[in-house]
Amino acid sequence: MNFICNFPCFSIVLCIFGGIISSALKGRAAKYLNAFILAVVAVMSACVLGYTLQTGESFTYVMGRFPAPWGNEIRAGVLEGGMALFFSLIMILSLFAGREKLNEEVDPEKMNLYFIMINLLLSSLLALVYTNDLFTAYVFVEINTISACGLIMIRQTGRTIEAATRYMIMSLLGSGMLLMGICMLYDMTGHLLMENIHANVQILAESGQYHIPLMVTIGMICVGLAIKSALFPFHTWLPDAYGYSTVSSAAILSSLVSKGYIFLLLKIIYRVVGFDVIYGSRVTDILFVFGLAGMIMGSLSAIKENDIRRMIAFSSVAQIGYIYMGFGLGTQVAVVASVFHILSHAATKSLLFISASGLVDASGGSKKFIDLTGSGYRNKIAGVAFSVGALSMVGLPLFSGFISKLLFAQAAVRNSGKMLPTLIVLAISTILNAIYFMKTVIRIYTPVESEYPVIPVKRHKVFGLAMVCFIALNVFLGLCSDLVIRLIETGLSMFA
Amino acid sequence: MNPIFLLVVILIPLLGGVLIPFLPFRSRKQFEIYTEVVVIMASALVFLLMLKRPSDPFTLIYFTGDLTISFRMDGLSMVFGGMIAFLWPFATLYAYEYMRHEHNPVGPRHERSFFCFYTMTYGITLGIALAANMLTMYCFYEMLTLITVPLIMYTMSREAILATRKYMYYSLGGAGFAFIGLIFMIVYGNINFQYGGTLNPDLIGNRKNLLLLIYVMAFFGFGVKAAVCPLNSWLPQAGVAPTPVTALLHAVAVVKSGAFAILRLTYFCFGITFLRGTWAQYLVMTAAMITIVYGCSRAVKETHFKRRLAYSTISNLSYILFGATIMTPLGLTAALAHMLFHGIMKITSFFCAGAVICQTGRTYVTQLDGLGKKMPRVFGIFALSSFALMGVPGLCGFISKWYLASAAFESNQVLACFGVGALLISAILTAIYMLTIVIRAFFPKQGFDESSLEGIHDPGLYMLIPLFVFSAVIIYFGIHSVSLLDFLTKVGNGLI
Amino acid sequence: MSVLLLPILLPVLFGIVLLICPEKWFAKKDTGRKKLCILAATALVLTGLLVVRTLFLKDVGEYYILFYLTRKLPVQFHLDGIGKIFATVISVVWLLAGIFSFEYTKHEHKEKRYYGFYLILYGVLNGLCFAGNLVTFYLFYELMTLVSMPLVLHEQTREALIAGLKYLFYSFAGAYMVLFGLFCLSRFCLSNTLTFGAGGILDPTLVEGHETLLLVTAFLMILGFGVKAGMFPMHAWLTAAHPIAPAPASAVLSGVIVKAGVLGVIRVVYYLFGTQFLRGTWVQYTWLTLALLTVLMGSMMAYLEKGFKKRLAYSTVSQVSYILFGLALMEPAGFTGAVLHSVFHAIIKCALFLTAGAVIYKTGKKNVDDYRGIGKEMPITIWSFTFISLALIGIPPASGFISKWYLAAGALESGIRGFAYAGPVILLISALLTAGYLLPITVRGFLPGADFDYTKLEKKEPSALMTVPLVILAVLAVLLGMFPNGLAQMISRIAAAVM
Amino acid sequence: MGANLLSNYGEAVAMILFGIGFSNLLFQRNLIKKIIGMNIMDTAIYLFLAEKGYIAGRIAPIIIDGDQSVERYINPIPSGLVLTGIVVSVSVTALMLSLTIRLYQRYHTVDLDKISTMLQKEGR
């Protein structure tokens, strides 16, 4: 038993304790503690990734001394390690970039609360990534929800509280369905550990008994997670939640939280119900249709939007539509595409949110387009970053967005049944993306005759550094996609 | 030569352009010299490469799987690249004098950035010319769209920005559909250009009609840049750009790269054996014919000088497409010939228009009375170019028309014969809209007072030198095109 | 080579020199004009001599290739009977009209431009006559249109400009119809250089199966050249463009430029398609119908028209369609008649327009009804006019008679049902109409009537520069009618060769 | 079918309750009612679990006088799940209530739609 095998558990526990400790700390201390924890977690995840790559197979870690099928397990493979590393990196960068902004928006004595939330969020994300036990997953889903709610309402304005409430309600609906689904699975299989459930589900599927309950269960779980990750018809809470919370929160929420649920869904598809069973049922077609709808509707409402942050939020509705569309296509290739899109969207969306906030600050804090005119000149780095993010979203070559578009399209072509709708919708949504993102880019680079009262952008260094890192990440995903994709494939192969 | 030079020749203008805003130029002179040197270096290298062609491609990046960014120089690239390389230095020279007169909203650095993008566009266009596979071409195609955006909205006037948006939406949307074609090539064949097409027959099976549909999609997708009906309304609107842009980009580089892409698509990806005689061919050919007539008739109605030329560009581009859609080797030859010759003729006439604008500030045809006496050289050359456009024998326009027509008759298709009819109708319309200008300029109405034209005279050498050179070329190729056409015939038969 | 190139290049050169040399050289009141006229005159005379020289060369078999447009398309020249005839006529007319205009353009503006284009046009027309293949012909045809345009709109009044544009666009429409044929034929000919060959150069094996396409092409080409020849339905430009130009210009336009169309038709029908391909097809019948229609319509319109020059223009429309009719018959006699008539008509119509020019120049009267007693004022002019009109009407022994005789004979020989008889009848009618619209001028000119007071008549005879060309032309018109044999035989030899 | 229902009336009731709670949470405009709905939903799930875990004629899984034979006790895992679930739901309820209180303090209503309209008027 290699020592590294303890890392997943360590990282989770570390985060939780970090949260507990920072409740006793002052804001700054909590901040540094959090930074430290994040760094450690990143290193640990990197180690896990390296280890699994090296051994070439995943490992399970038994909590306590109870072996399966009773005990509670943690399981780590290439994909888990990679995800954990990626999540922690994004989180570091977002916090780093949003730091100064945070000091403005959150009053100092509440600062440590913020970091409690961050720590808990990270822990729950890690747990969602690593856990091998459905009920644990449920528990951490709830923790995730709660901490996310905290992140949203940390600014204490009416908007944010209202947004938080809506968010809570929607996600409670989701988690209720999820819990029900889990219980029914337990009912049918008598297990909570993924492998065992998987085995039993296979037996059930072959014997054909409990067919309807099985379908209902799958449906409940899928829909539940879809609600929590803001798939199109259930996205109503999203724009407010992302649009009005502090910038780091928005970045983290949009790029990580929903992704955690999606990753859980992925695990359920592969490791609990089983790929063939789930695609044998037509449940995924629902996801497919909703995904397509989301791609269009999200973009349309983004076009109508007049507030840059809300616009970006709506665009992430569309992007989540992409991911579910990939799941719905129901081929290995498509799932790979989806996973890649999880990464690229996470990188791009946080970049967009943060650069947008930079532009907003350069325009006297107004988020309306009309005031953003020419802000690209006033805050150069933010302007460049935003343009990069926008281009990546539009799917321009050499950026990450292009690769995921490519993969999606290839997957679509290989699936003859759903090919044409997918391709058409891809093309259309490309145009729509182009419309609203390019409109914004042109807007921010349009010089204004009346010299704008420019606010001195003080947080330039930190901000710029973070931006550069994000851009680098984006371009890396765009250029070295081959490596990433091979990682994903190996990870998925470890799943099955 | 070493294949690496294929990359170098693209990088020279790109990097040279990027540096322009950062280099400390003491005087305008230095800056002009620098730019000119960069451009000429690139052109010289292109011609060198054409003389000593590197046989094997150069691969820059590996995307996923077998998708690469790689460059190769084959016959088609030689034609397109050669044309670009010949025109660009002169256009730059012209731009120096023109941009002095152009209204400059932001400041001296703005003009620098104009030349920065102008030079970078050169590199991008070369990239399109030298692309060895469809993915590479697609990437540079997208980049071309973006890099030209700042050029179009140089004046930053409201209409300029509107035009830019339109241009961007159209192009990116078109690229979205071209993208579908790309995907299909990836799946149903391979993307490396190869004369005669790369579709894999045993993959096609019963999907023939589907693939034809995709071809049509991709045709119109690329056709957006080639301004094929009904996707061409962006081109006249983009005429608000400074004339060097309208002349070089919207008469040669950008629009021709659209046509070039269609040639690649038709002859090097899907392959004429697959397409000939199918409904797809008839569809696209009809579209081309409609555009030919449509563009001319709009040009006759238009009274804005540059916009009229833009409409004529629309119809002439469809001459090229018509040649392409005949789908015989001779057709390709004819298309290439017209690509070259129209490039020269149209840039000449645009430069004349630009000279008029920057000497007199007159933009409408109705304002040109009697200018022929004041600017004899400019209008003499303009008359020459319009005769060439009409296809008077002894000037180069006739040659390409001749080849187009003979290709049409060779192909034994009734539709093609009607196409010849379309060519002639557009020729008479061309006569109408060009000669009315010439007559106005040289034969003003009786009792027209010369005094209103006091102080108007021919522009300086920067503008005249390109004009003289181009008109010399027009005449030369009009009376001695044999060797060139032999080369083009070789290219058309895929021998080079 | 030089034999053919010189008559083309020399005047073009002179013309260009005239155009580009600055105004002030000729600015001085009268010496400037003198210089100009002398320059032009020398050019005209020299070229005339060069052309006449070609007359004494025997038809050269081989073709002079100047350069290749494409590998298949040479620009080439050659010398044959038709070319000689037309070239000679053109030179004569051009010289005389030129001399006339030295006087006429005194009160015109921009003389330099006028003479420049006048000379260039001359060169281009020579090129047209010596063109060795269709491409070359087309090249010069387009050039002719472009170069003659400034002459049409020389006045630069509003209607002049409009007429010029009309002329331009009609001609280009025609030219592009021809171009279609050019494109199409290059595929079906023996040597696809489109070199003119007596009796047609279609390759029967290639033609096999594409007859319809080729017939359509032939029709288009005839129609296309017919535009220049003012054939119905594309004649509208002619009556607008010819009267508006300065008289000498309209003289050459109406006398010669229209003949370029005729020459084109001859080349197409007799040297490319060949008569045996076209004879008896719908193309021939449609063509005949159109020609006859035009003959009738033209002369009627002329009869109704009051403006002098405009009336002459209409008469041109009808007269040129005589020629087209003769060509459409595709009979040796018809051919002979046609070519003869085009020679005569060139001279006659030129003379008529010059008369008109003279009259307008002196009296300023444009309307026929004002010409009472004009014969008393300018006897020489009107006398020559009278003779010429007789020639045009076709009163023996004047020239018109000969050609019409041949035409009628050709029509009867051809034996095409309907046209064989309809043709001559219509010719006769239109001859009567011709008399109807020309002779009254003379009659009223000399016999103004009883109530006319002769007191306010004064001598308005124009100077020798004007009268001499007129007289020469008149004499020619009559003499050629008396001794037509040499010419007739020459033409019938050609006719035998091409059929 | 009917027999099934009778034999599993516990599950049936749980499902019905779940539906009630779910629809309440979804459709009620009053926040308090929403919270109640949520609790009903959770309770339904606990009922379901308990029903699954209970085996007739056995006692709670607390070892009495050292008898460790499996046959004597009911399945302990569902009970554990129920406990965990209760904890979670309690915390969530607390959070929701606190949010409700805050909103009420600001806007003096617990109707979410009214609050949204007020926010629109505020325009922030």
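By letter and in written order, the chains are A, B, C and D; residue numbering begins at 1 in each of them.
The working rule: a residue touches a chain if its C-beta (ideal position, glycine included) is under 8 Å from a C-beta of that chain, and two chains touch if they have at least 3 such contacts.
Predicted, not measured: the structure shown is a model, and the values here were computed from it.
Under the contact definition, chain C and chain D share no contacting chain. With centres computed from CA atoms alone, B is the chain lying nearest the middle of all the protein shown. As a whole-number value, the distance joining the C-alpha centres of chain B and chain D reads 68 Å.
Chain A and chain B have centres, each the mean of its CA atoms, that are 44 Å apart.
Mean C-alpha position of chain A lies 85 Å from that of chain C.
Judged by the touch criterion defined above, the protein chains link up one after another in an open path, with no loop closing it. Applying the touch criterion to all chain pairs gives A-B, A-D, B-C.
Against chain B, in their complex, chain A makes its touches with residues 391, 394-398, 403, 405-407, 409-410, 412-414, 423, 426-428, 430-431, 434-435, 438-439, 442, 445-447, 479, 481-482, 485. By the touch criterion stated above, chain D contacts chain A in their complex at residues 18, 21-22, 25-26, 31, 34, 38, 41-42, 45, 48-49, 52, 77-78, 81, 84-85, 88, 91-92, 95-96, 99-100, 102-103, 106-107, 112, 115-116, 118-119, 122, 124. Against chain C, the residues of chain B that register as touching in their complex are 387, 390-394, 398-399, 401-403, 405-406, 408-410, 417, 420-421, 424-425, 427-428, 431-432, 435-436, 439, 443-446, 478-482, 485-486. Touching chain A in their complex are the following residues of chain B: 61-65, 67, 105-106, 135, 138-139, 142-143, 146, 149-150, 153, 156, 161, 164-165, 168-169, 172-173, 175-177, 179-180, 183-184, 186-187. On the side of chain C, the complex with chain B involves touching residues 67-71, 73, 75, 135, 138-139, 142-143, 146, 149-150, 153, 155-158, 160-161, 164-165, 168-169, 172-173, 176-177, 179-180, 183-184, 186-187, 213.
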